[in-house]
Amino acid sequence: MIADNGIVIAFYVLAITTGICALMVAMVRELIQAVVFLALTFVGIAGIYIVLSADFVAVAQVLIYAGAVAVLMTFAVMLTPAADRKNSETAFQLPAAILAGLLFAVVVFVIYDTNWRISGREAFPATAASLGEAFLKPFVVPFEIASVLLLTAMVGAIVLTKEEEDEGADA
Amino acid sequence: MPIKSEPVEVNIGPQHPSTHGVFRMVAKIDGERIVDVKMIVGYLHRSMEKLAEERTFTQNIPFTDRMDYLAAMSGNLGYCLSVEKLAGVEVPERAQYLRVIFAELQRVASHCMATGAFINDCGAWQTPVMYAFRDREKVLDLFEMTCGARLTTNYMRIGGVAFDIPDEFLPALDRLINDDLPFRFEEYDQLLVGNEIIMMRARDVGMVSPEMAINASLSGPLLRSAGIAWDIRKADPYCVYDRMQFDIPVGYNGDAYDRMCIRIEEMKQSLRIIRQAVHDLPGGPHKTDVPLAIRPPAGEAYSRVESPKGELGFYVVSDGGPAPYRWHVRAPSLINLSVLREMTIGKSIADAIVTLGSIDINVGELDR
Amino acid sequence: MTMLLSLLTIVTDNWWDIRDLSNVSGAVLDIIDDLGGPAWLIYIVSALLGTLAIISFIGGVAIINIWVERRVVGRMQSRLGPNRLGPFGLLQPIADAIKLMQKEVLQPKSAPGLIFTLAPIMFTIPGIAMMAVLPWGRNMSLANVDVGILYILGLSSLGALAVFMAGYSSNNKYALFGSMRVIAMLVSYEIPIVLSLLGIVLFTGTMNPQGIVLFQEHYWSLMILLQPLAFIIYFFSVSAELNRTPADIAEAESEIVGGYHTEYSGMKFGLFYAAELINAVAVSAIISTLFLGGWWAYKLDEIVPGWMIYIGKIYTVYFVFVWTRGTLPRFRIDQLLAFAWKWLTPMALLNIVMVSAEVTIWEESGLSAGIVLPIYMVINTAAAGAIIYAFVRFLAPKFERFPTQLRFYSNIDVPSLPAVAAPPDRAKVSV
Amino acid sequence: MRAPMPDLLLTLALHLEEVLVLGAGLFALGLYLALSKRNAVGVLMGVELMLNAVNVTLLAFSRFVVSPRPLDGQVFAVFVITVAAAEAAVALALAVAVYKHRETVNIDELDMLRW
Amino acid sequence: MPHAATLTLAGTHVADRIRTALPDAIRSASADIVTLEPASAFEAMRFLRDDEELDGKFLVQMCSVDMITHIDLVYHFASLAQNHIFEVKVPADHEHPEVPSISPLWSGAILQEREIYDLMGVKFPGHPELTRLFLWESFPGHPLRKDFMSMPGGRKSGLSQFPKQVAGETGQEFRPAAPGTGE
């Protein structure tokens, strides 16, 4: 439980903004606008991370999601010019909505039904240094695997989009 | 398999920061690359050739100012030469020297403008234009001193020049060509010719091969950049150019960078010519007395001068009346544009802008 | 009433204490505390004070910099610049702002209104928010964030998103071109920026801007001397990300008219215009913090208030930005991207290898900083020179046909060309 | 002399459940996006939103729940971000590659593998 | 070796030279003027471009003169290598002027032929894109013709009625027709 009024107000403001932005992702008619709202959602989620006293993760979120992933998505939209740019739904819209709503209901039920073991912990002090410790000591193997994964993903992405004849792709 | 993309049509002009007037280029662009260029001109068309048929030969001189308004003296000179050729008018020595002096000053002014605007098209933020304007202003001051106008000079007359130079002209000219401008041109050499960014932007951009240049009737710096030493002042000397010592700067590659260098070098050569002309300037009348409503004999004449933009030719047909029966201008700005399409296709937008800047068109002359 | 009175007393008692403005705000907070204000009030008041200070500084900067930039560039272009309104034309930016506010705000009919309106705001925010984590004095920083550098990097990438929003929502081809160029630039230049700052983080062992300044103070050495290569890389990349010449391709006036802000008018355009200056100042502030010692300047900060030194440094860096803008032509986009990938990124990687080796050596050898750091300065400066020379020597563009000098002919000379030189078939010209 | 100032605001509190509900909501929305969107990029957006929702949940647990190593939640979140970034790159590359062959990225038209 | 100053070739000389290859191409030749037969003008031009002696590789300029009875197309050709210039005329019918386009031979002629088409109304079969250069497509008449005033929509004395709407093939609009540019 966080009993700091400022933080609670911040959480609700951020949560509502994020929720609205996320809804807009589903609602807007243009794909590019959806990407923009998604980026705003990412920024809002970063704010929620800060509320949860995870400053490093929050900043990484802004850097990676809002900065890189959103940009990648705009790239993907722009690189597929002849494709449909409407943010339209398939025939699965209604089943998907029902399924998502059911899932939400179930999860909310579980959340309020579970007896969580809440600690009265204070907010973490600065987390960057301790996160670094964690990465390089107990989690060093996943860390290295993650870096290999990133390399693989990079190579894979390049291979997937590489043109057969090297004509000097224009940026 | 390349990514399929749909070309976009972009209007570069007529209202665009770098089209040098109301010139419109409809570029079809695929990404940053130009697939097709269509040029649309005529926004400044004043039908001068038709208007001239209703005015006397002398009344037509101001039209030549308004054609290439950046090189009014050259236009005046070319037109007067053609009428003189048609009517067989002798021009006094002094007038011939004065014509050379003013035509060369005009070349300096026009090339200043062209170079500055070209670097501006390369993306330098107004600084080169301001520098070039500063030098051009000094030349225009001399024009103002002599004929009262800075831009549309209307100075040459059939049979000479309108006014003799005032007393303070020669000292001012001496200061300009011996103190001010040589220093400025050194500065241009240091700032522009050796500039790596300009090299990167302008080398291998807007290429013209010698064959293409001759086939497309190019002239002026565009032709010389392709490696062809051709200058009307040498090839078909008019006025007293045959008495002057000067060199024709010629490029190797035919790219925009060569053209810029050629323009800077031509300005230096112009100063050289002016020095010789001032040194040899004879006394005597500045004008042959020619009736204001001159009636050249029926016939036709084609005469050409080397204007800063290229070969500026005037084809005049007379039916013996006081007005030309037909007056045609061979406008270098128009004809030099014939290669624009070949030069820009396959390059990027930025290259197209640089190319257009290096051709140095003047829409007043292009549309007439 | 008593509160106001004591507030006045505190401010008047401390009026001379301009060395550290945090003393003044601290005094204000003390009063609240004395009067029994709750913790949240103190929290909010301190945050408000700092935010107010930052925003008023930024607002003042945006106003003043318009004047500075125009006057300085005017001087460089051998003209006067604005000199009519007020002394030395100082009121010109205010007149400009009034003019912009009075203008009609036009919006393309088919533009998505929300994004179109949001873009200039979103473009302005990162520049202001970046200033929050930068230290202005020993105790003067609004937010002493431990991950300050990451925060700065994250925010700087948001600006490009705003530019993209502006370009896309304008529904204009030029604007779209500008924003696509921005995205391409962002993807390329983010990497050298991050890598060059990584070198500093490695060396100082902290991501806190204040910590980096304190490191420089503690070891009596400026980061620009210790890592000149990182400085050069950061400076180039950041001027590319700022859209300033020689990399202002996103709003390349002579090519794509106004780029992403072609369709903006009135105060929305004014926001873009101001945000550009704000971003430039923010980046200058980052450079002065990370590389030039921030508020610290050897012994000088004991005499002169730290924030004055800081502002002096900011404007020194800013002048360099203005200088390049007034001097250099623009690169082409492919050249800029090639510059990022082929030059700056490898250089930054080399820099990181060098720095990590140095850090390890320093830690393992246990030598004192007084010996190690001067050696590093010399080594790194030499290495930076060598690396840049090597890149220029081996990677600089070479042109196929080399002669650059003109030939001079005193007579006409035309080579005899082949007889048949048919013009290229216009229908067949292919890409 | 300290005169206690009356606290004008209510004392608010944030509980784990509220954060988890937010996470669940975002997850459900992401699921809806991923299942219903026609464009592959839209689907990817849904997936990214789901991953973010998971991150919110992880960080909430890390902040609130009793644990010997409370920071592990944040470590996990960082890994999730890493993997999500890699996944986004590959997925978008896939979309572009598919587009090159089919000129569409609408998933209901991509039925090469249908049975 | 090029001449020191441009030499103007005599018309008879040019005509004789062309006759060696194309005997029927010359309509008339005087000291100044060579007039070509329009039917074989294209072949003659190709010859005088590729001929070693005439060497007219450089099309200096081309223009048109309305001679009331017919329309003269005036070409000036030059040899840069030998530095000479000569003039060739091709007459065209006044009512329906048509002259083969020389733009396949000289790309510099493309714009000039468009200009002539625009202002004088001469059609050039074989031109890649024969559209008006300066004036808009629906502009009535061709201004450089001597009878422009009596052409449909041409300006009569008095300024009041210039933008007069004319029916027929010239169209109703006075808006510049922008070819190929979207909306």
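Chains: A, B, C, D and E, in written order; residue numbering restarts at 1 for each.
Everything below uses one rule, namely that contacts are C-beta pairs under 8 Å (C-beta built on N, C-alpha and C of every residue); 3 or more make two chains touch, one makes a residue touch a chain.
Here the structure is a predicted model, which is why all the values come from computation and not from measurement.
**Student:** Taking each chain's centre as the mean of its C-alpha atoms, which one lies nearest the mean of all protein C-alpha atoms here?
**Tutor:** C
**Student:** Higher C-beta contact count, C-E or B-E?
**Tutor:** The comparison resolves to B-E.
**Student:** With centres defined as the mean C-alpha position, give me the chain C-chain D separation in Å.
**Tutor:** 32
**Student:** Per the centroid of Cα atoms for each chain, what is the distance between chain A and chain B, given in Å?
**Tutor:** So the centroids are 60 Å from each other.
**Student:** For chain A versus chain C, what separation do you get between their C-alpha means, in angstrom?
**Tutor:** Spacing between the chain centres: roughly 28 Å.
**Student:** When the C-alpha atoms of chain A and chain D are each averaged to a single point, how far apart are the two points in Å?
**Tutor:** The separation of the two C-alpha centroids amounts to 4 Å.
**Student:** Counting only residues that touch at least 2 other chains, which ones in chain E make the list?
**Tutor:** Expected reply: 2, 57, 80, 83, 106-107, 110.
**Student:** Of all the residues in chain A, which ones touch at least 2 other chains?
**Tutor:** Within chain A, residues 5, 56, 60-61, 68, 75, 79, 82, 127, 170-171 contact more than one other chain.
**Student:** Hunt down the residues of chain B that sit against at least two other chains at once, touch-wise.
**Tutor:** 1-4, 32-33, 212, 214-216, 228, 230, 235, 342, 348
**Student:** In the complex formed with chain A, which residues of chain C make contact?
**Tutor:** So the residues of chain C in touch with chain A come to 40, 43-44, 112, 115, 145-147, 150-151, 153-155, 157-158, 160-161, 164-165, 168, 180, 183-184, 186-187, 190, 207, 333-334, 337.
**Student:** For chain B, which residues are in contact with chain E within the complex?
**Tutor:** 9, 11, 26, 38, 40-42, 45, 47, 49-50, 212, 214-218, 228, 230, 235-237, 242, 300, 302, 304, 311, 313, 315, 317, 325-326, 328, 330, 334-335, 337-339, 342, 367
**Student:** Mind listing the chain C positions that touch chain E in their complex?
**Tutor:** Going by the criterion above, the answer is residues 411-417, 419-424, 426-427.
**Student:** Write out the stretch or stretches of chain E touching chain B in their complex.
**Tutor:** 2, 4-6, 57-61, 63, 65-66, 74, 76, 80, 83, 85, 87, 106-112, 115, 119, 132-136, 143-144, 148, 176, 178-182
**Student:** Quick check: in the complex, which residue numbers of chain E touch chain C?
**Tutor:** 2, 49-50, 52, 57, 80-81, 83, 103-107, 110, 128-129
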